[in-house]
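Sending over a structure as structure tokens; questions will come in a sec.
Chain IDs A, B and C follow the sequence of writing; residue 1 opens each chain.
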Amino acid sequence: MKSYRKELWFNIQTRRSFVNITPEVEKCLRDSVVQEGLVLVNAMHISASVFINDDESGLHHDFEQFLERLVPHEPIGQYRHNDTGEDNADAHIKRQIMGREAVIAITGGKLDFGPWEQIFYGEFDGGRRKRVLVKIIGE
Amino acid sequence: MKSYRKELWFNIQTRRSFVNITPEVEKCLRDSVVQEGLVLVNAMHISASVFINDDESGLHHDFEQFLERLVPHEPIGQYRHNDTGEDNADAHIKRQIMGREAVIAITGGKLDFGPWEQIFYGEFDGGRRKRVLVKIIGE
Amino acid sequence: MKSYRKELWFNIQTRRSFVNITPEVEKCLRDSVVQEGLVLVNAMHISASVFINDDESGLHHDFEQFLERLVPHEPIGQYRHNDTGEDNADAHIKRQIMGREAVIAITGGKLDFGPWEQIFYGEFDGGRRKRVLVKIIGE
């Protein structure tokens, strides 16, 4: 069994953003030379997500509106987590809705994807350096 | 390490539906002859889900009501994704809530499940042929 | 390829609770002696979750408030699942939002975690014995 590990680093300047990381994960897969197996891609921070959906800017706007309507950032004082001096309770909850990780099949050395599947990093508390882990196992 | 891959095809005529696919995944597992490992089951389309819950029609009604209340299909014009000519922005968001994939342990050649766990395909934008991927790795 | 399996048992007396199970999963990993691979940690019951977030009591209060506002336990009669004699339809829906499982990379014999990642069992229908599955594969 082969294994491969890489960290992808981000420094998103806005509070929230969605970044297509499919090319970076594909590069990891090529470097791993794994032909059959699984890729785990996960946020290493608990106020960020990795998820698979469509690379369409209108949809990303809809995600943003949906999440902010459901779990508004402000007023900050509505969340007990923010009593600790943080202001990112909403980001922790938004990340639960969007998910921490994606597990993707590897077949014939490629990400085994449907026609529109793309991998996104979802930032909900930007302004600092944060990481995504890519772990590949297989043969 | 063994690996196995199969696509399950669906053509749901209603917009939304939940289909129990546990027997099909169990058949894949038997065909793979893997005894110890992991099964990944994921929607290959970004307006559909794979998830694990109870096979009870009242609960499926409750899921439907919950999702439609939270992310209504209509009016279509409330979503920027639908400015592209699509009408399925709600389906992309519903799939995020219900999840893309399930990862299931294989122990002794069986799905290692609790007493009520069943695997479902969740369709949120039916009316055409769509696929689920079953990928098995192990020994 | 090595594989390892263990069930963790819980008997939460309140209806809802979040329990940090990171030490138990770390013990499983040591017992497995796997150095490179993946850990799957999943609720074996469909009214409970396994998820990764922050071990901060204010945040757990915020999760509880968010989930109960979105999917209130009462009135019980608002859910068709509860027509079966159950009163836990809300727990099945809450578990969908928080997720069934976490998949975690193993690197150098350790859980490959960011600085604040902790694994939680989320109980949404307590008062009886329930289980979490830990399955490890790798080398």
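In this section, a contact is a pair of C-beta atoms (placed from the backbone, for glycine too) under 8 Å apart; a residue touches a chain by one contact, two chains touch by 3 or more.
Small disclaimer: the values here were computed from a predicted structure and weren't measured.
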item: Angle of the C-alpha superposing rotation, chain B to chain C, to the nearest 5 degrees; value: 120
item: Interface sides of chain A and chain B: same vs different residues, half threshold; value: different
item: Centre distance in Å when chain A and chain B are each reduced to the mean of their C-alpha atoms; value: 20
item: For chain C, residues contacting two or more additional chains; value: 1, 38, 70, 97, 99, 103, 137
item: Chain B - residues contacting chain C, complex; value: 1, 36-38, 51-54, 56-59, 61-63, 66, 70, 97-99, 102-105, 107, 112-117, 137-139
item: Residue ranges of chain A in contact with chain C within the complex; value: 1, 3, 5, 38, 40, 42-46, 70-71, 79-84, 89, 92-93, 95-97, 99-101, 103, 131, 133, 135, 137
